[in-house]
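Both complexes shown next keep chain A, but they swap its partner, so chain B is in the first and chain C is in the second.
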Partner chain A sequence: MQALLAFENAPPFAAPLRFFLTAPLFGVLAGLLIAFEGADVFASRWMPGALAATHLITVGFMLQVMLGALIQILPVVAGANLRQPLLIARLVHVGLSAGALMLAAGFLLGLPQLLGGGAVVLGMTVLAFLIVTAIALRGVPTTSPTIRGIKLSLFSLFAVVGLGIVMSLALAYGWPLPFSALTDLHAGWGLGGWAAVLLAAMAFVVVPMFQLTPGYPARSSWWFPIIMLAMLVVWSAALLLDLSVLARLGQLGAALAGIAFALQTMRLQAKRRRARPDATYRYWQLGLISSIFALFLLSTAALWPTAAELEGWTLVFGVLLVAGGFLPFITGMLYKIVPFLSWMHLQNTGQAKVPAPAMNKILAESGMHRQMLAYGLALILLLAAVFFPAWLARPAGLAFAVANGWLWWNLFSAIRRYRSHLADISRKLAAL
Partner chain B sequence: MVVKAHPLWRNENEPSIAIGHAMTTIRSFMTDDHRRCDDLFADAEQAVAKKDFTLAGAAFGHFQSAMLAHFDSEEKTLFPTFEAKTGMSMGPTQVMRMEHVQLRALMNDAVDALKAGNSDDYLGLADTLVIMMQQHNMKEENILYPMCDQHLSDELPAVLERLETELCEE
Partner chain C sequence: MTHAKTPHVVDARYMEPPGPFVETMEMLDTLKEGEKMLLLLFREPHPLYKVLRQNGHDYETELMPDGTYEILISR
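Presenting the complex of A and B:
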């Protein structure tokens, strides 16, 4: 218990940082892939290029940051200390990056063995992560909605990766499976059960913290993860029992839960008490609005399935939810977390004898703001490319690559400044 | 007199916090004081947003003295009692003391930035201060105060009374 609050238990900066600096590069790759493949990517969600780009973003970017952030945050919010966080971070980072590349290449080149291999590498990596996390979380009481959300999201992570492995092996070995329905369910567990529940668990902490808003109401934050998982269980059971109406009910429930969470967050953000809207706040606004539109599309399709057969429906939904929703949420958080962790590590190096520079000296607001405008433009182009692929697919891909490259540059520059301040502080300490 | 935090701003996140006055714990009492400090900080932010640096300076001054009183009550009353009872003197309380040092330094820098009328510097420091303060509060509210409640159950009425007096004197 003594060690719970010790700074020494915060993992070394290098542990989460490698994930944060790699993720935007996967965004660049996804953009370049779209630019290279052109209009074909937007022909249908089943196109090799679309599947490859989707997994570069969801695994290479999203999962990457989420696992890195969990390694950082588990000791702080849950008092769950991973043993040897740096070693775990190294292994998970390599496995995740290699697995994401293999998976994307397998989709793109139509090589089932590569696809299956990538899925197995990812599966082993995630399983190893889940085991060390479960050991760290063993005996941690569920005293807050955040801890509950983290625990439940990890269960969903197991489900989404498990489904992914089954499907990729089925493709490799030619097992007959209802791929379309299983893919929807795989996406549901991944985006709903894992990403949205983890996002909410983090939001319960960081929305009030970053924006000085009131806290989330206890009841809704306590129930959101449970409702989301219950809907996914209903959806999964319906698929097994071949009850399509029940499956749609599960989808509808998950979509409505997501909308309720997004509206709640908007309501709290409207009561924020910071002096000036910053890039994080604006990124979250973008994410909330896009997610609400995306989930509205999902609810409509659940009630009226023919809607989903309309041209571009599913692609617009996917772009809105992932590129419009999750990526802005994640980027907004990275823009606070990276400068704050830099400051915290500098502060601790300085031992209160040599002052650390404030966060805006590590990463200036103007740089973040301009990158956000570039990202907004890329998002608009991606959405328009669904309808005018021949004209806009390549520019949209390039714009997405540029916006992600810019994000990488911003984070990398922050770390470069961190390193030079670190050297400076060490020099001054030695001279004292 | 300790001003109770407005119910809107109380941390609704923690269902285990006793709602109402049925049972005051160290956790609920000190958490309320954190929220009161948040409110005072928000006043300063609002003044900066309006570019009223005189008002901002005064509001930040109120915030700073509330924070310092909070730190003092912890460092002079709560932490020593906890350390004496549990024998943990190099544990969580020591980490909290170190974070108090960092927070005091950040507040001093922010005061200087406000005096110089430099809103960019102030906002950068305020950003750092907010996150540092909130994550510090989170550790106290979720880990240290519950430990205090657990270990100091016999001393609870006396400790609460002293904390209340100290936080009112300011």
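Presenting the complex of A and C:
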């Protein structure tokens, strides 16, 4: 009875699920775009295809899962209840998906109006999300590093989207802006202030919970979001004051904070009590190792700026951090969250009279493992394509599309099995 | 397991959900009037807090340096 009471806090499954099932499709689209455009994508980070693929992945995949997961998890990790979570999910999902498509098409086709339109749609969607989230978090005391991390990451989300809108409108209307430096800062707020701080806030809860590790030490957990944001503020101020040394100091600080968090997580994973490594654990290992390499590149470039001018430096950094780091972290979590939510909703439907099937009956380990190998191959090809674009750009794009399509298939199959168990449990309940 | 704060302890730090919730509810049922129990976890259990408030239990949470949340719950 009491176990059912706790369930009241959970939003309907359909609220986060739409985001989780849409995200891999954006990964497929990004892969197909790379396969279609070929070597041009790897010529420079400023190529239309590279900008389009980057935003299909960061907005279409990453932001998609992150906002969907927040709708699900805010009541659980912060005690903050969104009013009408399903309605919010529907609106945010449509705005985000349409905005990401418009943005990518605007970049690819070189249509500044479409780009600006996409940025405005995304901006309004994110602003609406931020308002309802701020209302839900109003009065929620910051009693844990997780709550602090969520609050500060939402501020960063505002910053990254704001910078994105300003730049896209500047492109549309020909405003003179220092685009290169602003793009770096936009990426810094997006990947550091928003994605990394939110990831850490979630990791403080889900790494011990799902991987059975010790907890993150309190002091470093309280400080990580503050240090990351402070470094981004330093970097932003340096840009306004035109102090490049200070900007590089901010980048170095953010990179070192990220490395410290990754090493801390590896140390906890080494002490885990779950004997057999599962797909989530392996995906996280991949993400941690790739992120450490990427952040090492960022630190080196901050100390020695000419390094970043070496051929392929920035592209390797981007591929390592986004495709090697964040996507594996997110996929690893999806592989826990989707079976767990399925199980929780089945358990609740069964009302303790009809038991729910075990989580591995909803999503089998072998399917996740094979998909992970395909993703690993895609990542290696993407990295190699930076150096041999003529040979490897198209195969890398195709491999990335296949791996993401496979992820979608795994999640979709889990939901099909969930629905079939749901019907089965309802039948058994009716027969009791 | 006992603790300086109370002899009634659920150490749920390496337990998978819903173990911590179920064991806490079971222990609360065994407590006598005026007794307290301690739940140890590596996260703040907000859904449990809600149920505790609904059922009229008081609780106090302290985050320890090693990342353990000590949640002291009154009967």
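Structural remarks
FYI, the second predicted complex is superposed on the first by the 426 of 432 C-alpha atoms of A that agree within 3 Å, B and C clash if a C-alpha of one lies under 4 Å from a C-alpha of the other, contacts with A are read in each partner's own complex, and residues count from 1 in each chain.
Everything that follows uses one rule, which is that contacts are C-beta pairs under 8 Å (C-beta built on N, C-alpha and C of every residue); 3 or more make two chains touch, one makes a residue touch a chain.
Remember, predicted model here, so these are calculated numbers, not experimental data.
On the superposed chain A, the positions of chain B and chain C overlap enough to count as a clash. Once the two complexes are laid over each other on the shared chain, residue contacts for A:I135 go to neither chain B nor chain C.
Within the superposed three-chain model, A:P355 lies in touch with chain B and out of touch with chain C [touch as defined at top].
When the two structures are aligned on the shared chain, A:P75 is found in touch with chain C, with no touch to chain B. Once the two complexes are overlaid on the shared chain, A:A237 sits clear of chain B and of chain C alike. Number of chain A residues touched is higher for B, counting chain B against chain C.
When the two structures are aligned on the shared chain, A:A307 is found in touch with neither chain B nor chain C. When the shared chain is aligned, chain B comes close enough to touch A:A275, but chain C does not.
Within the superposed three-chain model, A:K336 lies in touch with chain B and out of touch with chain C [touch as defined at top].
Of the two partner chains placed around the shared chain by superposition, neither chain B nor chain C is touched by A:V94. Chain A uses residues 2-3, 5-6, 76-77, 79, 143-144, 146, 204-205, 208-210, 212, 214-218, 221, 273, 340 to touch chain B in one structure and chain C in the other.
Within the complex formed with chain A, the residues of chain C that make contact are 13-14, 16-18, 21-22, 25, 42-44, 46-51, 54, 61, 63-69.
Residues 2-3, 5-6, 8-9, 75-79, 143-144, 146, 204-205, 208-210, 212, 214-219, 221, 273, 340 of chain A are the ones that touch chain C when the two sit in their complex. Every residue of chain A that touches chain B in the complex is listed here, in rising order: 1-7, 76-77, 79, 143-146, 204-205, 208-210, 212, 214-218, 221-222, 271, 273-276, 278, 336, 340, 343-344, 347, 352, 355, 358-361, 365.
Chain contact summary for the complex, chain B toward chain A: residues 8-16, 38, 41-42, 45-46, 48-49, 88, 90-92, 95-96, 98, 101-102, 105, 109, 120-121, 123-128, 130-132, 134-135, 138-139, 142-144, 146-147.
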